[in-house]
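Right, I'll just put the structure down here and ask away after.
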């Protein structure tokens, strides 16, 4: 069964490779597809959105995600069943949006004390010591213990923008902005800048700001041949005035 | 048949993983080798150079490349045959230099309307909706439709440096500079800094600037134990005075 | 036999992909696990630490590591046997700490002139021309020539901190600091900031500085929900006053 892996470990350190190594040691034949490790540090919301956006396009399997500011504390480590997929990660809301894409969580397991753990378990690297071995054993077709009530899972509170405003949810590597605003919304000005309601980048002049529907159906801002983040001087979490 | 994948998607977001996922869904046994996703955003020239430099060292197969500022507009999506290889990407010059390494384009196909597309096709993420499925089906040995004349393909205009100058084509992660200057050229000073014509970094004193032939045969500048980009204060696209 | 690969090539350029391509051309069935390519440029010490931390968690095989400021100069290219593993890279101390995790170097080979090299060998990209083919042939179970005395291998001089100080060895992508200080050491203040001696991030208030034992057993500093590097304004190589 294939595995996927998404995290906030960053592209540089050895953390991602160590998780691959643990999985390969337990399930040598399991293919692992990296779904990106550039989630901003400890940004559970962004991790949740990226995981939910990506999973419909990857083969069914075991989907490991680690954005885990509560590592080593009270938060549970969970394996969730949704459709024909397994989701593995911390119980902090990271996995729920993705599970909803496959009909929601049908079964849930607390794997924090699983015998599959690597002992001694560290206090700060559960990706290596708990989540990776759990994902690997699930990929081998084994069953977890410790079933819990799916209704007990932690969920993220929805963000609420001020009236007439939209929240910048994410800035991608092109400087494009994903907004927390209804798809199909239009605007003439954003933070005082003229904006064109368009379909794709080349529909506007080079350097012009456009409001469009991104490939996952959310509302987004971009600059043709440039960076909307730089033009508007905004970062994830900022509010924009749409008028 | 193995696949390779190069893009300007950046190392952090889920875009690269989604493309892997689409390919794995269609061609589960195809191995995918990432050739780097840090091409500067929308920099088709740099993407073209990196692809051409890399392909002679990777197994023959399907070579996917996406640097696509015109996505969703008039530009064609193409699959090109060069030697025993397939090149897949936008028709904006990105693939041509690589094709020349294998005898040039022998056959070309417009795949923008291929039945292999993922529907509905987004306006901004053809890597996912068009290029990935095309690459995957080619890796399965299937044949594309929509043959076009290779002479109709878009080609990049060559860069021309001013007299006595060289253009900085690329800055790598070490701060080494690749120049648009004839291999074998020598100089005593670059932008007023003394430079040593040398073979490798350790041939000069620590901190000294050297002019050398890079591993792909192009002329390059480096600082032993440092960054030529930082020393000279230049970026890709800048001109340097060689004297 | 599986391979792993760690380097300072950065996550963006095509260098990592080219090394994968060379290995795949020679040993098509060998799986390659990336152990991180974000080692700071030419920082042999950090590469050595990351390799040593990672290898106990990855399957035995051929372990390629390239952090190579002396490329093309006098330094040897080596393949080392340690336990049931092969370590391949430059003879500059990069591989020794990792070898110690498996009982030390039992046999050593100078592979700089191996017939496995890709000719012509460049002066600046031995990852491609020497190390990758050597790693691939070893993964195929072939034997190297050119045995040398393990006692002749280059070793790194240990760092020595001033009295009452600790050296910042590494800053990870979360801004956590690994220190060159005895595990189990405690402190009340670091560079004048109050610090809590704790087990994991959530054991202290958000924004508070904690001193803890990292997942590899070394002493480390972090900020709960933040960056210790930013709070203290330090970088790798800096000294911290512990009191």
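General remarks:
Going in written order, the chains are labelled A, B and C, and every chain counts its residues from 1.
In this section, contacts are C-beta pairs under 8 Å (C-beta built on N, C-alpha and C of every residue); 3 or more make two chains touch, one makes a residue touch a chain.
Everything numeric here is computed off the predicted structure, so don't read it as measured data.
Because subunit A and subunit C carry the same sequence, their contact can be compared by residue number, and under half of the numbers here are used by both. Rotation angle for the C-alpha superposition of subunit A on subunit B: 120 degrees, rounded in steps of 5. We define each chain's centre as the mean of its Cα atoms; on that basis subunit A and subunit C are separated by 28 Å. Residue positions 11 of subunit B are each in touch with at least two other chains.
In the complex of the two chains, the subunit B residues touching subunit C come out as 2, 4, 6, 11, 31, 33-39, 50-51, 53-54, 57-59, 172-175, 199-203, 212-215, 225, 227. On the subunit A side of its complex with subunit C, the touching residues are 8-18, 20-22, 24-25, 28, 41-42, 69-74, 122-125, 128-129.
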